[in-house]
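Each of the next two complexes has subunit A plus one more chain, namely subunit B in the first and subunit C in the second.
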Partner chain A sequence: MVRIKVEKPKVHKSVALHIKAITTAFKEAISPGTITIHYPRERRKLPDNFRGLLQLDKEKCINCFRCAHICPANAIQMYQRENKYYPGIDYTKCILCHFCVDSCPTAALKPSKIHDVAFASLSTMVLPPEELAGEPEMWREDTVTVEYDFDGDLKMIKRKEVENLIVEVEKPKRPEFVAGAAFPENCIACRICVNSCPQNAITFKLQDLQTMVLEIDFEKCTGCMVCIRNCPTQTLLPFRREEVLKGGESDEQG
Partner chain B sequence: MVDVSGIVSGIVEKIFAALTANMVNIPILEPLINKLLQIPLVNLVVAFILWKPAFVILFVPGLLAVTVVLLIMIWWERKLTARIQWRVGPKEVSRRTGGIIQTLADGMRYMFQEVIIHRDAHKLYFLQLPILSFIPVLLPILLIPAGTIYAIRSPYAIQIAVALTALLPIFILGIGWSANNRFAFIGTVREAFLYVAYEIPLMIAVLSMVLLYKSGDPFVIVEKQWIPGIFMNPIAFIAFLIGMVMAAGRLPFDISEADQEIAFGPFVEYSGIIFGLVMGIAYEKLYLLSLIAAILFFGGWSGPEIAFLGELSYAIWLFLKAFVLMGFIVMVRAIYGRYRLDQALKFGWSSLLTFSLIGFFISAGWVIWLG
Partner chain C sequence: MNKVDVKLWKIPIPEKPPECRFDWTKERPERVERCKYFGNLKAVVIDKGICSHCGTCYICPVRGIVVEDKPIDFPNWRKDCIDCGACIRVCPRYDYTPLNGLGEYIEAVAGKSKRFKGQDGAMVSEFMAGALEMGIIDVALFVARDEEFKPYVVHITDPDQLKDERITGTKYSFASVMPELHDSIKHVRAVGIIGTPCMISGLRKLQKVVPLYKQKVKLAIGLFCTENFYHWQLKEFLEGRGIDLRKAVKTDIKKGNFIVTYDTGEEFSIPVKEMEEIVPDGCKVCQDFSAVEADASVGSVGSKKGFSSVLIRSETAKEIFEYLKEKDYIEVGEVKIDVIKRLCDYKVKIHPYPKG
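After this line comes the complex of A and B, so read on.
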């Protein structure tokens, strides 16, 4: 057995250390540096890019399916409502990565700071688009918002205010696209694009027995590219909206 | 024919007269007490409750005061320790008062919990000893006077009271033995080791103060304190304080209980209200030693008299002094970590013993100097 010899502290030094410990205790007892947040009654201020529950603005949604395609957990499913498709989220799968928020071209999917959630059962965790829209049911007891001040000693800043947990997101600045027929000779007149268009912007007209005319209403087209993805012969391609509007409407035939 | 009812009423009258001759005088309650004394039978009960020896045991500094100490001191300890350690402490039971009735709520929970007696326990002693441990708690109270409220007056009162409080570890040893559990055994052996290490310096510190006042009678001791005893012999006070912390099993020396290591040692098998009782033992001992410390070092019940409380004001002063001292001692929990058994033994047998002996010589010096 190896015995480790520890140098014995001198008496006056250990007495000084005892006194220091006791004075520290007294100091803390009088004015403690407690940094506890009394959670249901107080809330920590969260940053705007906090990844909480998602919200859907059905008016803005252009049915582009991008959120469903990008979701790494496969949590987003598109539900058919009338002629359109809207995303619904399965929170049993959702990992709150907010890729869907980033991918949404019209800011229809909005982030929020709501993270303290309870569901009644597993089946209620699957939210259809109707339940995604609007604020969820909330009981809020908090009257104080707390922020930490990390400069120097850790301090708390308490404010008597209730934080709005819903984040308003502006529409991201991205070029707007519309669908146009780039290679009309490919078209086999299968009408998949007509049926798939959520805006009913595409129409087919029978000119004579040999030719069909494909018309795209650029006013209606939102650039969701559903038709482009669905076209089996790659007839359609996205075009920049401003360029197309300059060049006038393009009717193609097949 | 013998007049039975006459004899009985005569005896009752004699008892009543004996009780009323030695009653506590509380001016603020006098109209109520006088009214109650008019009612037959009730007057006997009231006279008995206010009879000084019964009053000492039942109210201050007896059972009621012990209950108040248990209810408030445990809460205060948790709250103060939490404050020092940047936590919040008990809060949710009665939020506005900062959770002051938390201990009461815990006690209620213990009340409705099943008392489990495991198969290996020595059933008789396992259940008896926690209740019997009230004997060494309440007996010293008979000898600790609060002003004119006292049960027994003796020139050896302080010595007897300290000797009786020293009986409590015997009950803890019995509890540990009857529990028949390995943790209980470890805790019991630790307690047995420590027992002598702290009790001797504690007693020397008490005896040095008794030597200083040349009497063990609390009345003489309080009379002789022209300045509080803590200034006459601070070394003895420090020895007494540390011995008290060890004796009451407060944190730096709660080696026998050590909940993180051996899960409350001797008390590991208890549940329900019996667990509440055994957990109270440490606080009761702390309370008793605080009362003795208040008498020896802080001038006992001397203080400005509160007119409307009459004789009760002495008791209140004594209680308040003991209470403040306890409130300070429970803070030690937040400052120090637990010592190892060998460290505590070494400390008790070397430094603490030396300290108490120095205190003894200081007292002897005072006695020689003052003559």
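After this line comes the complex of A and C, so read on.
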């Protein structure tokens, strides 16, 4: 066994250290310099891209299933409501990655900065689309918003105001698509596209007993691509809306 | 191996983007029975006992048709069938005219693989490995087996995977190759399949009806076939004769005998004539021995021991064969075409259609 010899501190040095400690204690007693937040009454200002709980705008939702498909935690389930499907979130699984928000083509799923919601039980953590509409329920006691200033010394800036926790998202700029029949010869007349279209944009009628006419109403089509994903034989493909409609007009003129 | 270069050279350039249409018409097949289309298929094919269990009807867009180790069925079809008619459009037995004989072929040769160990010359494995290396196909659907010789389909993307002896070799039971093809057709670029003559007929009819399959199935290799069995029936039959398939490493039909080889080297031989009772009805009307419609047909008949006979029928198969020869992967031998011809005629004789 090796003993480590510790030198005895010299008297004047230890006295100096003690005095320094005592002065710091007095200083903190008179004007405290803490940087912690008194949480329920004060709230830290969160960045705009904070990933909190979600809310759903049913009016904007086009039933494209993209949020449910992209969810890495498999937390989103589609619920049937009046022949349409809307997402519901299981917060026991949700990892708050906001892939669903990023994937939503119409900004129907909105992010919020609310992260501190307690649920009464596990079963209440599974939210159907109705409960997703509007702000997530929470008890707010805060009156002060706190912001940290990281330039130079770390300082806290306190303001007597309440922050809006809902973030408005604009509809993302994406090319608009419509579904069109690229390879009608592949069609097996199964009408899965007709049945799956949430906008009822695809219709079929029987010309006579042996001939079926299928038609896509491109004005109703929102480009959600549900029919394209469901088609078993790759008959349908997405087309750029402006290109297709321009092409059609020039054909008519020619 | 300059695998990458060959692949780059083979990538097809799309000629022009597809035209967008918002309305299209589709012809629907005529009905024989006044019920949903699966009812027609049931009446014309399944109940008449001419279904070959090829599995092409698994195209069913609601996946209601069950292709398993029992006759084809659609439980509860009166309710769940969506009446699209896809099944009767692709069924090769719906308007059945039996194919027979040797069919057209460019070249008849015998070959033996130097790389793989298979049933005889492992030429099927060689063809698929060659096509994979040339970049003609991205994935090949092979049939592997479990301990009890029950077949299941595997996706092969690398020729090295074929060194597993459970993947090569014949199984003599219905495998779900076509169902697997239907399930994966949307996710592959180019695929090669191996099948019995009935599967190849089904594939060709499917390619006529749905051009997507013509675009994606680049290579179809047919196997010489006299009959195929349901796995459970074959297993029960062999158990009745005191043969345990779990100990077997190889099954084979040679000179009218069904031969099972154990891992100890022990061999059991049963005359095929005694197996008549378990031959499915669908096989009893089939006259196609040599897979007339395939790109290349492969079998053991007509060549020396350790070699496989190959009938090359299409330009693609010819190209692959030249590649295999050039790379010195195979040994080429001679084939006795009259022996194959004799078996073709024999199959026509024992399987008359229409049934007298």
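Here is the rule we use: the second predicted complex is superposed on the first by the 242 of 254 C-alpha atoms of A that agree within 3 Å, B and C clash if a C-alpha of one lies under 4 Å from a C-alpha of the other, contacts with A are read in each partner's own complex, and residues count from 1 in each chain.
Basically, a contact is a pair of C-beta atoms (placed from the backbone, for glycine too) under 8 Å apart; a residue touches a chain by one contact, two chains touch by 3 or more.
Just so we're clear, the structure is a prediction, and the values are computed from it rather than from any experiment.
Taken together in the superposed arrangement on subunit A, subunit B and subunit C fit without clashing. In the overlay built on the shared chain, the residue A:183 is in contact with subunit C alone; subunit B does not reach it.
Of the two partner chains placed by superposition, A:103 touches none, neither subunit B nor subunit C.
In the superposed pair of complexes, A:211 makes contact with subunit C only, with no contact to subunit B.
Put simply, more of the residues of subunit A are touched by C, taking subunit B and subunit C as the two choices.
In the superposition on chain A, A:36 contacts subunit B only, with no contact to subunit C. On the chain A superposition, the C-alpha centres give an angle at subunit A of 130° between subunit B and subunit C, rounded to a multiple of 10. Contacts of A:22 after superposition: subunit B is touched, whereas subunit C is not reached.
By the touch criterion stated above, A:196 is placed in contact with neither subunit B nor subunit C. Nowhere in the superposition do the C-alpha atoms of subunit B and subunit C come closer than 60 Å. Across the superposed pair, subunit B and subunit C touch subunit A at no common residue. Put simply, subunit A touches subunit C in their complex at residues 180-192, 207, 209-218, 232-234, 237, 239, 244, 247. Listed in rising order, the residues of subunit C touching subunit A in the complex are 18-30, 59, 61-62, 82, 84-86, 89, 182, 185-186, 209-212. Chain contact summary for the complex, subunit B toward subunit A: residues 80, 83-88, 331, 334-336. Taken together, the subunit A residues at the contact with subunit B in this complex read 21-22, 24-25, 28-29, 32-36, 38.
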